[in-house]
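Both of the next two complexes hold chain A, though its partner changes from chain B to chain C.
Showing the complex of A and B:
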């Protein structure tokens, strides 16, 4: 095990080199390369799409209802005559933003609480883990639906709620990773030097459990995207007329026997993004030497 | 051994107790109580007072919790708001329908996942592995509502082989239900199988790389005998707990799948009760779904204990 102090005092260049190193390793395998490419494509698309969207996403035009794909409307039009291409390229923006910030919140509280529990152990650890277990045993969908239906579907509700419910699994991972390093000599010596718990967490444990937590966070991002889209699909996510893939699929589903294009376009958008994030997270885990496939998605 | 089982059982009960507290407190602290959220705009004057009286909301929260919890232990969840029915009567057929769906998916999913996981591990990085693993990644990452929608579009609408949505009354008999559940079962089993096959694969790969398997190969144990006698028992044991967690995690996905197929199970009841703001039913569902989760994990612990000779004498769990 490297001395954790050394990792922390590195100059910025070498840590940048390390990040580049990890990305190169990720891209060296076909699955990682495809995943990264899809993810980067989606991020660029989400940032730039408002500038080249051909039509207004909320312009309703009854005379253009359910037009098949043509040179004018590349992906056809939906049941309200809105351009499906425009709505599809804009459809990932809300989902990506909300789940990205939600994942960061999940990482922060889940990671810190997990490390803290792993470090202090004893009674506090027992109590916290029982509560985490209890939260884990309530299906996310029931809890999310209840919160959203009572507090509303605004961003200020969705981001913390998703961040909370997807962070509880990270508590377990961070705690287990902390247990792995807690008995190491450098922790014992830091304790002997009289460092505070906070200093030990920040300087000694965090650099060593960072990888495991980051990988977990990346994975959780794709699950959160899945959860958020499911909420939208069920009508409890973003509110119309905001373009969102889950909502678009739900709206176009009833008419798909004669207007399949309106449901296929958002399906391709959402599936490719989730697959992209998943492949990237897998490649990220492999590049850091962590085997994810033996873990359950809790 | 007995002590271990007992300990796991008590831990499960404690978890359920905390769940009941969480659902109760959660419903308490979120804005709006059962009456105001149910009556909505008519929540004033006599109607409100009558509703509060009927549900006993004028009693302090901790007393309500105690009497509610006491009734739940006896299997009585109280009355639902919308139908004015006993929640037990609402739940009964729904639980049965969801159980049919879930157990069909598990019965198909587990053996299939075992076979696929073993194949991909033994032919690691060769053609069968690459093909199956790619398909598995697709089917486990694509959201349930997308795979279900695609199944309906392809099988029901384009090929016209099977009915796309389930149009049956809630209290339907088993044989009437059967043709209707094929597509929902496929949708759920697909995701479950993919998750489990991946775990079996990496577990088998890990065991294959261990010293005692190398030893067996060097000793000249026939390949298939080695696989079945030495690799599989060691590889599948650690997978049991993970499989249980996966099944439990998929409960959320079952909710979505049921909505897509209009299936009259617990999942659709979740959506209905939340849309109707029927908080007593929501509370009951929280407890029931959590008990399913806890019991699946408990069964997995039992299985691991019974199948693993090492744990029979050992007093600590890994």
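Showing the complex of A and C:
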């Protein structure tokens, strides 16, 4: 018998062990560690902040207008006398929630459509990609503005709308990844055996394109966050008095020259979250081996 | 004695495992390359031959490091030079032709420009000198009309021509040492023979030393003066080419040579059990101990040293080499049971034509293919139950195309394919019923591509079992275990991923997957060409045994005539999608033959330096089959004029049962072919 005392001791791992493995690999590089730490910090903050927020985020107090940071108000107060610290630690909750679910929707429709196009190819693929390209060429912010002004700014509108606009890019990635595997003989083999398209997508393609799509989804998440905050900044995201970084920046930016604290805190909150997600997505890609590999010179 | 151009002294190269253990890939290599000599390095994949070749130009792959020893080029240790110093040597004094160099040419730059780049980088010639040199180089590699060639793009050249350009670029800097890594692997048989011929002439004319890395002993036999055989990172045998190939005194080389199918022998070659140990897993004794037929207890614990035997001018690493000296070099091979095939037709290809031409919208609508010159045309083959029929021909001859249409992956343009006498097989996969799909299974060339890398062996084998028989639970598990046993693998392989298997094991899984469907016909597309020779023999043996056990019919596609001869009952020779000759395999390999079969047989490289290939036809590659006349007219060395160009040649039946499609009469062919 060939090779019975075998050379490979790698045992099959449970999915949980695999996930832990990936996270350990991600955290083993400084950039991945920092990214993960920032992301985890933000998630924990978003979940727990209502319990330890020192003040009421909507309590207006004209007598405390634009107070500089002090031991009482760590980050100072805003133009309505609300505590900036309270509003900052609460300000990521809406953005995180909406964009998280938006990303999942983007992943689902973008991933499935992309795989489908890659699999069927030919004319259908051409037509679908034309349409996707056409949508890509519309400035998304205009389209978003149109949608929210027609349908309102509720969560039920924002999540699918963001999910739709940020899914287009995933279509392309999923399609390209599918194209890479579609020519492989194991797909031809499955086709020749007579498996249905759905079974081929599920069993043969998905395990091979999953990683690429997940990485793209993570990247899209950070972009969506920026996009959502821009909407808030323009007044089309969440409505006051809900604390939200985009909205806070928008409200305080006119007073920046003399009340910088009201603007700095939400900016730090938003940008650190985006950087955190980006670094994490990068480390995720590297841990999965999707990084452009360095080739030998010969 | 000639002077050494390169001396390798006690070289070991290794890496650190994740656990921090030091693992060697090359172990204590000591050898010399003399001036003007061509040295072949052979070994199976993973034996360290490429690592050694790269070290010879001072290059160590990322992640590897030298643990001891040195690599002296003209008494300068390449491994201790910095990049700047190496640049002075690489490309100028030592040049390399990497694997697939021809395909690696930059696609959007003209040939002439790419050669000029090499000249600019590696020489101090002026512009006008360079221009002159380009023509000279193209001439040297025997490309026709260099002036015109220089203006072409790589895709306008054939595979063999591209490889010649790669050779020309390597010669640009007038190297003293030329390293070639599998320079002809992937080329067609005829092209391969021509490129080897060229390399041999260049070595003779320029006096360049060459190091030729290959797993193909046939190619090594043609070009090399001396051979180094590597196994598990060590040199196990080294000596003059004739001694190594004719009197191999190391058990590995002995077994390796026996496992190569040869044209002169009928039946399957002996296979070598087991596979090469992985680096880091080599036992305490001789590294070949597990697979050796000559071993004794001494070998298990003691490591043999490389011993020089002066009367043979050969170094060997084996305690028992003297036993091998006494064995007569006569080779016998297991005759496979040539049982009489009863005429019981299972598959009938009638007037089959297949076209890749893009259909216009109207034709698509009418479901009609219009193409006057289809890729595959007029194929008539009938296949009997339990028979192995082989399709041979060079790349692009339509072998895979025919297999695909039998499998239903391609529509036929004309003609039909009938299964089991009355069932017409639809050209549309979706229209075939599950029973027909199950009856015909495919095995592919490269198991790396045909097994889903993200599935375990269990998942891979359960696909057909679930689909065709609806098996689940413990029934499924036991069927999988049974299949694994059938392909001589243990049940513990179930949880493995393809990347945890060796090449031969992967192909066994692919074989098991095909047999899982309990098919009547298995289509094999170059199933052994991605495997090492010693593994190839074992896989062929497995296929043969399974067939005897289960009565399966094989349609076997291969470009390797010796492999085909070993396994098939009947052979069909294809050129440009047209049949040239078909008949019982023992007769196809005898004269009279179709002129194309003659060319193919002539180009076969035997692992014997005294059998030279006969290069009759040019190694040009035709893009399209000719519209009228004989398909082989463009290259035929026996062409008899306008008749061949204008009329489709008739089928003629020879007295030994093979059918030949040629305008020259059988008797005449016999006379002409017996003259050379």
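By definition in this document, the second predicted complex is superposed on the first by the 277 of 298 C-alpha atoms of A that agree within 3 Å, B and C clash if a C-alpha of one lies under 4 Å from a C-alpha of the other, contacts with A are read in each partner's own complex, and residues count from 1 in each chain.
FYI, a contact is a pair of C-beta atoms (placed from the backbone, for glycine too) under 8 Å apart; a residue touches a chain by one contact, two chains touch by 3 or more.
Only a predicted model underlies this, so the values are computations on that prediction, with no experimental measurement involved.
Undergrad: Just checking: does A:147 make contact with chain B only, chain C only, both, or neither of them? Give me first, second, both or neither.
TA: A:147 contacts chain B only, not chain C.
Undergrad: A:178 contacts which: chain B (first), chain C (second), both, neither?
TA: neither
Undergrad: Does chain B (first) or chain C (second) touch A:99, or do both, or does neither?
TA: The answer is neither, since A:99 touches no partner chain.
Undergrad: When the two structures are laid over each other on chain A, which of chain B and chain C touches more residues of chain A?
TA: B
Undergrad: In the overlaid three-chain picture, which partner chain does A:207 touch, first (chain B) or second (chain C), both, or neither?
TA: A:207 sits against chain C, while chain B stays out of touch.
Undergrad: Which holds for A:191: it touches chain B only (first), chain C only (second), both, or neither?
TA: In the superposition, A:191 touches chain C alone.
Undergrad: Both chain B and chain C contact which residues of chain A?
TA: Shared contact residues on chain A (touching chain B in one complex, chain C in the other): 294, 296-298.
Undergrad: Would you mind writing out the residues of chain B in touch with chain A in their complex?
TA: Residues 11, 14-16, 18-19, 21-23, 26-27, 30-32, 37, 137-138, 141-146, 149-150, 152-153, 157, 195, 198-199, 201-203, 206, 238, 241-246, 248-249, 251-252, 255-256, 259-260, 270-271, 274-275, 277, 282, 285-286, 289-290, 293-294 of chain B touch chain A in their complex.
Undergrad: In the complex formed with chain B, which residues of chain A make contact?
TA: For this pair, the touching residues of chain A are 31, 130-131, 133-143, 145-147, 149-151, 222, 226-227, 229-230, 233-234, 236, 246, 249-250, 253, 256-257, 260, 263, 267, 270-271, 274-275, 278-279, 291, 293-298.
Undergrad: Where on chain A is chain C touching in the complex?
TA: 1-4, 7-8, 10-12, 184-186, 188-195, 203-204, 207-208, 294, 296-298
Undergrad: What residues on chain C touch chain A, complex-wise?
TA: Counting only chain C, the residues touching chain A are 54, 57, 59, 61-62, 96, 98, 273-275, 277-278, 281, 407-409, 429, 432, 434, 437-438, 440-442, 444-446, 449-456, 459, 463-464, 467-468, 488-490, 495-497, 500, 502, 504-505, 508, 513, 517, 538.
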